[in-house]
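You will see two complexes here that share chain A, one where it goes with chain B and one where it goes with chain C.
Entry: the complex of A and B
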């Protein structure tokens, strides 16, 4: 057994206690100073209470945000001070880097295929579970289980299942023989990397969405559905004209959170080796450029690109959603 | 008569679909555990061996000894415990401030907080790294836990604030009349009432810290300081060069997942509550 190195833990523990105590001290001091400045009691307490977040925002969000924008226009290898290069990083990124656009394509396609698929699966499951099923808790737990697993474990598991002689190919071997084709190589085949990631994500995520959509389905007013039945609406009409619009805010939430998450996919691809980097998601690419190649300036430029990409795609989805979430508001207003 | 037949058929169809879905969920999980108990020869046997005979429980001990996994586990627990504790204390205080106190700029600040939820972590990653480097704290646990004192996790603040808003204000007003101060009200009145939300966030935050790969990957260099995820990564990178030892890798994956799965079963209610608090406002 190697040395225990208690000092590693003790030094972090003492720093942790120190920062915690300092934070509470700062909060009390803020309150005292604001009171001295004749600020209302309530306001002073409010400012004091949100102080940890406010400090965190300034130190860990606002400053890094601005600084990474600056770095995006520099060349920086950590050892030498940053060197201003103007638009060079962006020029290289958009026009010269052979690995950039494939990575963007993979990331965006992954988000826009895996999220709707996952939502459809989750919605179908939630609808099934909403049918007065016995032991709903049991099924819900079962379906939710994969999303509890650490992404690292999920990734390793699927790499193993997708291995050339793994479980998937073994189960598919009768079909391969029937069609007289070579076994698929999944993660080891450049063309199949994307579908493999999509299948893996489908297994891993749709449980969590099922829980959200099931809760939304339970909140659809019964009287609305009954009234529609009286008016002669069949089950499909009820589903598409009432249920779906009524749960559309939850659908939107699941979609936006899913897309934002999928665009930042990091842990799984890091555990999955693919031929010639065909599985390099943008977030992984940024990590590689910044922390293995030490091109911190270029990595910052790509990080900013990713942020703008997330922003634009989120806004587009929001804009598009007005077409279907607005309808729900209308229904509610009619009801009142 | 026809109606009952239809009803029975419908419910049979529902259960059939649910069972099929369940199989898709369970088979990979089962395969993971089954692989972890196989000898190297049984890994690729055809037809696949579902229940290894005999189960090789030794795999767990052997794999555990290849790398200092005991240390990795301790590191993970250490990091997670400190980060979750600090996160719970600060996020609940900040949420209390946003939910219950009226001060100038509150709504603007809250919108900014919501906006930071959309900010991808990778944008602030490099400058944050440079700050910790300047402080001389790279390759220590500090960057992984100290930030939690700054109420990181805007989503948790948001969830907690939503929860505070559901508590009737009259409860505190009575205490204020009696001359209680903010600290007393928070400690004696609010804390017991927000317990469900605290537990929900504790569970989510535990999961987040336990599984976090990016931060340890960037900040830790010494192998003995790795948490489980990074240990698993290192294990994968060193072992799978020539012949991947999937039985060992699955064994260690199971070990890493076990505490989270256990927590999930113990605190299922809070897991599900946590997801739904986040979603209801949508």
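Entry: the complex of A and C
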């Protein structure tokens, strides 16, 4: 196994080099063709330069998207070519599959509970980090650390913390004793699976969201806050009447990305075993159907359902956001 | 306009080159012929031997041992050279992808649940007729344990050669028996004595349990022991609600996650399953014959046959076969390689699924570390059997777990209710 097979590496390397050389040739040719077609020099160069990415997108993204839409209407076990079954997959999904709706419920509930709580936490952290304290750079780096750690490692860490004699139960043991109750079993108790995942999601508070909100907070014009102070507004009034409206576009962004991320929750539930599959999020279910049951057609159908679900929820949030997101530019235009 | 034509030609040539390069890349994983022009330079081996690709799920250590077996075979052969391609993770996903992409390996391992399924979908080469004309010992089907060979057959035709039949035996921790003052189990024990023994050995305060179940050992084994079946011999019914099957399901349910005798699910999830035994927290463990549970450092481990059920002492055998892809370009040479490889593996893995090789001498020769347990293992082979499988086995297994076993073990219904409700759904999947 550990032997050195020079010819393997060389043949792979030569293929890579060949692909690279061909790609450059293709780019040059594209440029020449476009120039020939009287396309501006700049535009031709632009198209030539994005060509590798464009090809990659078409071959590795667009084609699989389209193909999975086709697969959603087929029965496909990988070994045999896909068989057209019409709406059969969707009929089974909506009316017959006993595991589908519980999975949808878990996923949607998780998104609706974890995202607002997570946003509140991220905002609070951002407010703290926006203060003028000593070594603020150090704190900001420290609080960004969680998003640098690999998700799988975090999942295993949390599983260990939630163990029956794990860190969390050890910390809570005085409370258990006080209330004279049995220790909670967290992921091992079907009823506590959702709360456990929500608690675990708080880990995501620290990281990208905090940084985005911190940047937004730093962008709130000082003049507004100072003017409000002069007018006698207290810190709470300033925060709710000025800071929050001013950062509301960032909050909207964080909310939408949060909802999309929560609905696609995958790594953690894949690594954490729960009784009776109580922790089967939709994305995990798709994976199971596709890669352990080899029902690629059915898995594609669920994937497209998830896509539509995300789209609808995102559009709803966008519509609702008109009521609370404040865009300086828009208001100015309306006033005119 | 001439220039435009020239440019177009250049563009098309470049596109063709990219496509060729991409094609060449996938051809490399599939290319066993060694004739592709790009690889002309510097290969020292003789090109006459046909490369036969073999995919296995072997991990690092196992792959090394397998390579030694293969090296010996390759040295002797004048027609083929087996190239081992171990895939220790996501084996079946990668295998299916290779088959779908027309780059299937010539030979590959399949565990018992999958052979009927792959054969029914046309992925495997039927080797029945070739075997009939072959006089080599590894091709002599009469020498194989019939129950094991059955798993490599589909509709009466043979699609592979089993290379292992690992019967389940019971490993036990002698120190824990001594501590609890319980006599060590003997081969004549039955379900009742087994459960009582487990109960006496359990000491919840110390975190010591008699035995651990978690879906393993397979409940099928206990159903067979009670005289029942999960799939009938004619593959026409799934009588999981027969009195025999119910009796076995109830017995299994009286052990699994029951803190009188066994650890709850949370403990197993957190501490591991076989690991509990290795840590000295389990007195008994149902393990495959080849498992390393009898050579754990610091543990004095004995072995005994599985306890006898109401009707018999059938034990489950984990078995797997090497099969030939129907996509192979060299069916005859692949078949040659298969038989030689199977003979080689039978002298390496325990237990070789052949009656003539199920002896203590052969077993110890293949795996000297198993000497202590050899008697038990050889006795177990006499009463072992594999699953009876159908093409839609993976789906069948999922329903049997999700709608019978899992709800039963998490106390959501009685064995009789659940089995009766699930039976029609299971039978829908039968051929």
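As a convention for this text, the second predicted complex is superposed on the first by the 304 of 336 C-alpha atoms of A that agree within 3 Å, B and C clash if a C-alpha of one lies under 4 Å from a C-alpha of the other, contacts with A are read in each partner's own complex, and residues count from 1 in each chain.
Going forward, a contact is a pair of C-beta atoms (placed from the backbone, for glycine too) under 8 Å apart; a residue touches a chain by one contact, two chains touch by 3 or more.
Owing to the predicted nature of the structure, the values given are computational and were not obtained by experimental measurement.
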Chain B versus chain C as contact partner of A:291, first or second or both or neither: both
Partner contacting more residues of chain A (chain B vs chain C): B
Chain B versus chain C as contact partner of A:266, first or second or both or neither: first
Which of chain B and chain C A:83 touches, first, second, both or neither: neither
First (chain B), second (chain C), both or neither touched by A:177: neither
Which superposed partner A:99 touches (first chain B, second chain C, both, neither): second
First (chain B), second (chain C), both or neither touched by A:11: both
Partner chain(s) touched by A:23 [first = chain B, second = chain C, both, neither]: both
Chain B and chain C contact sites that coincide on chain A, given as residue numbers: 11-12, 15, 19, 23, 78, 163, 165, 291
Complex contact set, residues of chain A against chain C: 1, 7, 11-12, 14-15, 18-19, 21-23, 25-26, 28-30, 32-33, 36, 77-80, 98-99, 163-166, 185, 187-188, 190, 273, 275-277, 291-294
Contacting residues of chain B [partner chain A, same complex]: 10-11, 14-15, 17-18, 21-22, 24-26, 28-29, 31-32, 35, 44, 46-48, 68, 78, 82, 86, 89-90, 93-94, 96-98, 100-104, 106, 109, 112-113, 116, 118-131, 133, 140-142, 145-147, 149-152, 154, 157, 182, 207, 210-211, 213-214, 217-218, 224-225, 229, 232-233, 236, 244, 246, 249-250, 253-254, 256-257, 260-261, 264-265, 268, 271-272, 275-276, 279-280, 282
Of chain C, residues touching chain A in the complex: 3-4, 7-8, 10-11, 13-15, 17-18, 20-22, 24-25, 28, 38-39, 42-43, 60, 63-64, 67, 86, 90, 93, 96-97, 99-100, 118, 121-123, 264-267, 269-270, 394-395, 398, 402-403, 406-407, 410
List of chain A residues in touch with chain B within their complex: 2, 5, 8-9, 11-13, 15-16, 19-20, 23, 27, 40, 42-50, 52-57, 59-61, 63-65, 67-68, 71, 78, 124-125, 128-129, 131, 133, 139-146, 148-153, 156-158, 160-161, 163, 165, 167, 170-171, 203, 207-208, 211-212, 215-216, 249-250, 252-254, 260, 263-264, 266-267, 270-271, 283, 286-287, 290-291, 296, 299-300, 303-304, 306-307, 310-311, 314
